[in-house]
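Heads up, the next two complexes both have chain A, just with different partners, chain B and then chain C.
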Partner chain A sequence: MKEHIVSSFDEELQKITARISEMGGLAEEELSMALEAVRLRDGALARKVIESDDRLDMMDARLEHDAIQMLALRQPVASDLREIVAALKVSSTLERIGDLAKNIAKRTQVLNEGQPLRVTGSILRMGKLTQTLFAEVLDAYTSRNTSMAVSVWKRDVEVDEMYNSIFRELTTYMMEDPRVISLCSQLLFVAKNLERIGDHATFISEMTYYVVEGEQLGDDRPKGDPLAAFIED
Partner chain B sequence: MKEHIVSSFDEELQKITARISEMGGLAEEELSMALEAVRLRDGALARKVIESDDRLDMMDARLEHDAIQMLALRQPVASDLREIVAALKVSSTLERIGDLAKNIAKRTQVLNEGQPLRVTGSILRMGKLTQTLFAEVLDAYTSRNTSMAVSVWKRDVEVDEMYNSIFRELTTYMMEDPRVISLCSQLLFVAKNLERIGDHATFISEMTYYVVEGEQLGDDRPKGDPLAAFIED
Partner chain C sequence: MNKTITAEAQIASNIVSAKISARKVNVFYGDTHAIKDVSIEILDRSVTAFIGPSGCGKSTFLRCLNRMNDTIDICRVEGTIELDGHDIYDASVDPVQLRARVGMVFQKPNPFPKSIYDNIAYGPKIHGLAQSKADLDGIVESALRRAALWEEVKDRLAAPGTGLSGGQQQRLCIARAIATAPEVLLMDEPCSALDPIATAQVEELIDELRKSYSVVIVTHSMQQAARVSQKTAFFHLGLMLEYDDTSKIFTNPDHEKTQAYITGRFG
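Moving on, here comes the complex of A and B:
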């Protein structure tokens, strides 16, 4: 017997939403493992992050494919169209967060070749904050909670400020002890990656707001000053 | 009199293609100005880059909007669908290249506060190579020239190798003269930004190949070793 399945637009949308949640969970797990790998100087854990990132890449590619099919075949308008556009963008944002976590894991492998550095503690605190904001914005997106989304959007300034402070801490440390320059350069990039994850989290805030309100959240997100001039890449 | 315009799919596609070319030109110009700002220590030119990047952001947003409308209303299939998907992705890639050029320009402003550094010469050579590959891949995309696209895709390894060499040069320089650590950290990010522009150029190669051949270019792009482990973020 041949099966003939016709699913409704809402069913398809629910599936996409469920996949975004799954991807969010994977990205969170990658970030958490990457930071643990830094903390424990655990090369095996770092390799696990690097390997598991493939799955997120594939899920993003599949979601993109399906979302574009939905756009082409269902011709959604208004809030349905916004849902799909947001899903497409959040998916690729999660894929990029996974890439950044993977990059942190890769740098761990070089960090393990040298002595433990005291600034690692600051990096891990910054990591903790980034994880918190990322978890909150995933909740906000899933539950369509705009006030929670706006709160994350505003609080990203704290990540920026921690980044600026770590930048200064690292350069000071390098000046005091030139032997740690090469390792500290790796930590500089780890901090930068976390700061970018924070930026991506604010983008998910913006997408949450866009889905619910049908308009942009605005351009005036608070940013850490004055080194913050460098955060937007 | 009310005007009623019904344009064909091909006409709409041509307009989108023309806009991608214009965006490519803008991104090239931004990169060129940003590198000139580094070379000449020209803060006014750097500000010009920062201001002009808004235009690229707006063009990307508009193109995305129009491409999604086309997907929803025209229901394209096969090569028409690939054309639109590629345009969407190339547009957002160009927007990101503009962001990276803007970030280079922003760092110029900090670099100008300190003494000129000798490693700037290496950065500018890396910038030149990045510009060349970016210009070639834009040509390849516009003319649907897959062999040119594949050539850029392969040659990005040269950018990666220059990045690795600059990374070593910068850390050595910082060890020799701790007073330049803060400035060299800025140059480290400038080099990293150029390396990421090279990666984005290879993505445009992949999109060119995808539009023409209908399949992916593959996963085995040559990469500079062993620091290349850090290039993929």
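Moving on, here comes the complex of A and C:
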């Protein structure tokens, strides 16, 4: 798009866009370290995730501050307005993804105390898929690519389905052997956190669509309903 | 809900709502083609804002709506403009009567060099709207009240209008326009000479006026258009490129040029 007559406005917008990219990168890194910590049963790595999450929180607070300043001082309209509103929402979504990654990392402390479980492999596969979708949606947002965003939005159902199957697997284990309840419930939390991250990724898809098209992406996204899967058993 | 009633209400509200209907309007100043094929339906009891870069034809088009352009020799208007379904350029229409129905407020407050009272009373007098002095007093008071000026001037109605502050003078001009019981009020950048407080008072007044009138305002301030209007028309080089709900124009305009203009990207 053409530049603003007032060039400092463009600079501020660019700064916000750059910060979102940086935050996205940080959140991606946190998630990948958290999953590595689970895979390698690495307590030190887990602690690193917990520490680096503070930075994401701070960046979110700073972005919110700057965006509010821009709303007050520039009184943006049309695509500028959408850009800033979306940045605000995406920033807090990234902050929450960071929290979920941190939460995954925290689980490793308890997990490392017990025997490794085979179901961990399915969870790591679910983690891989979540990472892929998250990376793609960050790309889609940064490059304002709606078709890529919609593709992520549609594929989140795969994460939901993996979650359902892990949920079933874990509940079976717990019923068979009550001694693994503590461990399995930790893994269940990890899976649930990944499922939430998938949902947040679809939200970033929606924001991408909103920035570009000025309209909401419909709410007929395919969803896997975890409760339905449970009840039908 | 009863479907038939809803449909009827819909039709009824459509009939009431289009106050001015312009079709394929072209305006020329000699060889200058200032307005090109503009068609628009202006709603009753709402505020319509005309925005666009200087020289795009906003004032020219506004002046067509009460035949103010008739006073400019080289100006030629083509197309149809209807007020309540009647062609205002029809030979049978008296432009002076028309301007009583379609009042106008200008950029610079221009009170007559007379008393506050006479400024308001002038129009109703020449249009024979008052039968008695008491009638006229009533009209003056009610116009000043509607223009939110009564409390400030009721004790000095005999004082010259030109002695008021800029904001008060503009509200006096609005009161003067209201006094002839118009149906439409045209305002050409009515706040551009006012400070922020006086501007806010005029904007508050415009919001009040839309309960009774169809208001059309030309403004250079995007924020003002966003604040006071329900519909916005974007003009560019004599064309009306976009006309839509103000909330749509300022969040997601359809036309690339509208977007560029309202976001401050016009080079």
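Odds and ends about this structure:
Note that in this section the second predicted complex is superposed on the first by the 217 of 233 C-alpha atoms of A that agree within 3 Å, B and C clash if a C-alpha of one lies under 4 Å from a C-alpha of the other, contacts with A are read in each partner's own complex, and residues count from 1 in each chain.
Definition applied: a contact is a pair of C-beta atoms (placed from the backbone, for glycine too) under 8 Å apart; a residue touches a chain by one contact, two chains touch by 3 or more.
Computed from a predicted structure; not experimentally measured.
Contact comparison for chain A: of chain B and chain C, B touches the greater number of residues. Contacts of A:E215 after superposition: chain C is touched, whereas chain B is not reached.
Of the two partner chains placed by superposition, only chain B is touched by A:Q109; chain C is not.
Look at A:A72: by the touch rule set out above, it reaches chain B but stays clear of chain C. Judged by the touch definition given at the top, the superposed model places A:H200 against neither chain B nor chain C. Within the superposed three-chain model, A:R155 lies out of touch with both chain B and chain C [touch as defined at top]. When the two complexes are overlaid on their common chain A, residue A:R19 makes contact with neither chain B nor chain C. By the touch criterion stated above, A:F9 is placed in contact with chain C alone, chain B being left untouched.
Once the two complexes are laid over each other on the shared chain, residue contacts for A:L81 go to chain B and to chain C alike. The interface of chain A with chain B overlaps its interface with chain C at residues 75-77, 81. Chain C makes touch with chain A in their complex at residues 222-223, 226, 249-253, 258-260, 262-267.
Across the complex, chain C is touched by residues 1-6, 9, 75-82, 214-215 of chain A. Within the complex formed with chain A, the chain B residues making contact are 68, 71-73, 75-77, 81, 85, 99-100, 102-103, 106-107, 109-110, 167, 170-171, 174-175, 178-179, 181-182, 185, 188-189, 192-193, 196, 229-230, 232-233.
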